[in-house]
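Before anything else, here's the structure in question.
Chain IDs A, B, C, D, E, F, G and H follow the sequence of writing; residue 1 opens each chain.
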Amino acid sequence: MSKVQVGIIMGSNSDLPVMKQAAEVLEELGVTFEVTIVSAHRTPERMVTYAQEARARGIKAIIAGAGGAAHLPGMVASMTSLPVIGVPVKSSNSIDGWDSVLSILQMPGGVPVATVALNGAKNAGILAAQIVGAYEEQIAQNLDTFKQEMKDKVLSAAADLEEKGYQAF
Amino acid sequence: MSKVQVGIIMGSNSDLPVMKQAAEVLEELGVTFEVTIVSAHRTPERMVTYAQEARARGIKAIIAGAGGAAHLPGMVASMTSLPVIGVPVKSSNSIDGWDSVLSILQMPGGVPVATVALNGAKNAGILAAQIVGAYEEQIAQNLDTFKQEMKDKVLSAAADLEEKGYQAF
Amino acid sequence: MSKVQVGIIMGSNSDLPVMKQAAEVLEELGVTFEVTIVSAHRTPERMVTYAQEARARGIKAIIAGAGGAAHLPGMVASMTSLPVIGVPVKSSNSIDGWDSVLSILQMPGGVPVATVALNGAKNAGILAAQIVGAYEEQIAQNLDTFKQEMKDKVLSAAADLEEKGYQAF
Amino acid sequence: MSKVQVGIIMGSNSDLPVMKQAAEVLEELGVTFEVTIVSAHRTPERMVTYAQEARARGIKAIIAGAGGAAHLPGMVASMTSLPVIGVPVKSSNSIDGWDSVLSILQMPGGVPVATVALNGAKNAGILAAQIVGAYEEQIAQNLDTFKQEMKDKVLSAAADLEEKGYQAF
Amino acid sequence: MSKVQVGIIMGSNSDLPVMKQAAEVLEELGVTFEVTIVSAHRTPERMVTYAQEARARGIKAIIAGAGGAAHLPGMVASMTSLPVIGVPVKSSNSIDGWDSVLSILQMPGGVPVATVALNGAKNAGILAAQIVGAYEEQIAQNLDTFKQEMKDKVLSAAADLEEKGYQAF
Amino acid sequence: MSKVQVGIIMGSNSDLPVMKQAAEVLEELGVTFEVTIVSAHRTPERMVTYAQEARARGIKAIIAGAGGAAHLPGMVASMTSLPVIGVPVKSSNSIDGWDSVLSILQMPGGVPVATVALNGAKNAGILAAQIVGAYEEQIAQNLDTFKQEMKDKVLSAAADLEEKGYQAF
Amino acid sequence: MSKVQVGIIMGSNSDLPVMKQAAEVLEELGVTFEVTIVSAHRTPERMVTYAQEARARGIKAIIAGAGGAAHLPGMVASMTSLPVIGVPVKSSNSIDGWDSVLSILQMPGGVPVATVALNGAKNAGILAAQIVGAYEEQIAQNLDTFKQEMKDKVLSAAADLEEKGYQAF
Amino acid sequence: MSKVQVGIIMGSNSDLPVMKQAAEVLEELGVTFEVTIVSAHRTPERMVTYAQEARARGIKAIIAGAGGAAHLPGMVASMTSLPVIGVPVKSSNSIDGWDSVLSILQMPGGVPVATVALNGAKNAGILAAQIVGAYEEQIAQNLDTFKQEMKDKVLSAAADLEEKGYQAF
């Protein structure tokens, strides 16, 4: 049934082109999720409500993406005991992504955010699936299949390169 | 009388050795202030209350200091129309101060934080006094006196150096 | 009436595409302002005059934007007791904006510059309005309205996303 | 009973002063764990075995710490479907921690590592507990207690500061 | 005869536009080589096999290119006594190349990787030829010719510039 | 006779331990000089006077040292046609020297500052002597002697190392 | 007459679009100069000859531009007592210019390079003219005129902006 | 017999505490070597001679260490067809090692330097041994033994930790 396992939130709809990759990979891995916009700086009350109610709604992990001085992941993490995955987004106002990365990664002791690579929303989705998969066998199997497919793609690319030679590329 | 004009807050009492310099210079400049601890990540509700009530309490500017992924200045700024001055603190968990600086400075459009130099709490105090002094004549005069004293110190140091020669130092 | 509350200056007219955002938001917030060009390195005397006369002309805050080794905000701050807001501009000669940011932010003790994000002229305008709004009630109300509109836009975008689904974006 | 829920590994016993903080907080939170040394570069076969057998042994999350060009977290992540938490250690051969952070955080698409702050082993422990707590109610309650205690400490420090005044510190 | 002297491997065929420059210069210098794809994170077993068998196959040096959190060069180096040359690739997921450089360069004591410039695959090829040329006279002579040609090109460009004047360019 | 050829200025006497190295090497090279304190931010008028009168006083080059957001070298350069040599000082308020370096080096087109290494006051002195020596033969000869002495020291250290072996060190 | 006062050299003709700006401004300022290509890494002997003969040929300053690991300015400086001006070029193989800047600026004690901003060849030309102008009155006057023209352009741009209003831009 | 296989050079005897680690590991691995001082900036002619004669003297690889704007490795590489290994030294005048790393690593196309980690002289020694070992069987065996010993140390440390528990450390 459709109970939501992962919540995906972001500070602005301009983050959507990056953040939708989290949704797409969760879809592929068979994990249920929801996607919405919650701004730490423009809708702080909405953020408080979202963070405080997530666990009771059955959510297992929250993915939060933001750029620049990115406070959404850390603030949500301060108000829930769920694991929060932070996606630093290289937004238009960011200095090459360094501000996004550091303001999500460098959380003080007591309030962790599980940070992934700059614009790494796909990996955030996979990480959320791994958290679910640590306890739900079907998702773990889906992750194994996913891993196998990545491997097969590399092997196939290698075979292709070896056959045609590097000059063909 | 003793109405508070400037609020000084910080995420942890480990920030006090830096942040007390804001208090000291405000004292010197004749601006009234209060000092307390408000943690964005450990006491989010207290932060919300502080930010939302500050203006009604007569405060004219808030100085907020924090280190690492520093969310306090920006989150307070999101919940008040008062000017918020951010002090990036080079705390023990900071990467040479870069995280503190960027997570305070690089706020998104709509929610400014007036950022000063790393560990620049003294300048935060002066800046708060300048905000008050833009409207209150006595404080502006105190600032002029302060500027004159800085100048006199440089002139006196220059005279001393010229008289004794650089070899004496 | 038309007395100028905020002065906006910049080192070169090539900074205008960024700096005009300060003017636009001040216009929207009902704060009076003036815009002109003052170069620290090419017209130092003009800079001295501007800084020294601003307060007597009734100005409450100065917004100064510059790029590269940006000396305009700090030098103006050295010659007035008014709050000076610095906008680091990512000019064509800048190394990814780091020089602009650091040469405005890292002012020595005694001479603060209220620094905003790289290219953050819009936030500089809002910050100037907040300084005015700390003392002038009408501007404070305008800022509250502005905050409410930002919030409404986020809520509307969230509703839109939830209704259409992430695939639509 | 004593089944291991979290595995803590590190590249060298010189990482132990940092990494033991993960163990200590897991102890406090009631999560079972094991601690050992696995070097990506010196014992690659041991690393392969550890990564491939962890899930079958009942482990729910792996915490891996390393410094400099830190390959342990990412390589373990490549060989398990469990969530892997990476702790960048500021080891003696590191350039201010940047190498440790970037070589753990910036994983390619498909193989996430949940990265925490530089030397953030305590947060890695809490994050592992949050993963367990997403499914095991007792651990979630322990996390809530832990959060409450952090909050109480801040409130107590704030009361202390307000009572004694900043000059006392 | 065609025994392979240098192995060129990379994490993904998206690295090929950079990495093929190593192949081209080896071709020019008369060194035999092979090119294939080996991913540290997607095909770890293939990587182990490649690294462990290279020496017995007669290979004298391995060139490994990767981007972002680049683990391929270091992991291969951990499993062979051959010199491994690492090429940091500025891949699409890299933060301006810093992650690629640091996660290849900053190897721990005991496991060196001979790192070349960002995207410096051509230099990796030359370096591999220099290793071969340290023992094989013909390749050393080819390297001398190569050096002479570089010099002649500069002299010819200098003569051209001096004759036509800088205004012509 | 004692006419001053080089002026050495700095923002604060806390810069003196670094800046006196410029004086010492000028002494050694037979170039006449003066040393004083001129602060861009605390004594802007004194700076204007110094810069505008230097040439008429017979000075051939000005050495200016400052730390943090260092405006002294650039501002002096804006008000004289003499060559200005900037020394970025790693002062106590500097972020590892980056602010000092960038705010001196990255001057806009039209107003150069001849920047030397972080804390490189000795090299600033030598550079000033080279400027003098380009026109005054005696100083050029002194520079040649200086170069020869540096060379002799290296050769002597090399001989010492080769004789005693590296184990002795 | 046409004796050369300034030598402009660069490592490759790909540096010419940047470096020709030094030539253009020297032309404008009435300083005689020559332009050619000298590569530290491809024509080391030519570099030695150029550096060692420059002074005897009457040259007063050498401008050397290079990118990436830029060794030309520093190596030339090691072999002449003339002032050497280094221009860090943001070449195609550079990491955002940082390598070019640091490998020119951070010279060891004894061998200064007068470094200008990244791609700052125009300022290198002006600096060379200032060195000449410290001793040759006509060039000093040309520099004063140049400064006055820069000032006039700013004043004219300011007047234009004030007249038309910022909305016109 | 004692023919020298590897040359170790450095710019100053202040680099010796770092660079002697290369000598020590070569000693351990049975590779013959020599150690001396060659300064690119202070003894350029000595550097030219060393580089040009090394191959004829039977040397197979040159290890060159230097700090700050480190030109020695790259300049030596420009004058020999031997592989040159560069060791960036974090010397007292270096900005946290970044200048040393970048001015060695970022060599232009055609002139590679095999760069190792900051202060990574031990790894430079091992890399030189690997180059020798690619052709000389005895050295390859020594490298295998060395690798095995590193592995044994990790296994022993792991056993020790598992036996005593993390609290003992």
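Just so we're on the same page, a residue touches a chain if its C-beta (ideal position, glycine included) is under 8 Å from a C-beta of that chain, and two chains touch if they have at least 3 such contacts.
If you want to know which protein each chain is, UniProt gives these names: A, B, C, D, E, F, G, H = N5-carboxyaminoimidazole ribonucleotide mutase.
The shown structure was predicted, so the numbers you read here are calculated from the model rather than taken from an experiment.
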- request: Using the touch definition from the top, list the chains contacting both chain C and chain H.
  value: F, G
- prompt: On Cα atoms, by how many degrees is chain D rotated relative to chain H, nearest 5?
  reply: 90
Query: Looking at where chain A touches chain E, is over half of the residue numbers used by both copies, so same, or under half, so different?
result: different
Message: Taking the mean of the CA coordinates per chain, how far is chain F from chain G in Å?
response: 19
Field: Separation of chain C from chain E, taking each centre as the mean of its C-alpha atoms, in whole Å
entry: 48
Message: Could you work out how far the Cα centre of chain B sits from that of chain D, in whole Å?
response: 34
Statement: Where chain F touches two or more other chains simultaneously, the residues are 12, 42, 68-69, 93, 95-96, 98, 101, 105-111, 113, 117-118, 120, 150
- request: Write out all the pairs of touching chains, ordered by chain label.
  value: A-B, A-C, A-D, A-E, B-C, B-D, B-F, C-F, C-G, D-E, D-H, E-G, E-H, F-G, F-H, G-H
Message: List the residues on chain A that touch chain E in their complex, please.
response: 96-98, 101, 117-120, 147, 150-151, 153-155, 157-158, 160-162, 165-167, 169
Task: State the interface residues of chain A toward chain B in the complex, per the touch definition above.
output: 11-12, 40-42, 44, 48, 67-71, 74-75, 77-79, 91, 93-95, 98-99, 102-111, 113
- line: Listed in rising order, chain E residues that touch chain H in their complex are 55, 60-61, 81-83, 85, 101, 105-118, 120, 122-124, 126-127, 130-131, 133-135, 140, 143-144, 146-147, 150
Task: Name, in rising order, each residue of chain F that touches chain B in their complex.
output: 12-13, 16-17, 19-20, 23, 35-39, 42-43, 46, 68-69, 93, 95-96
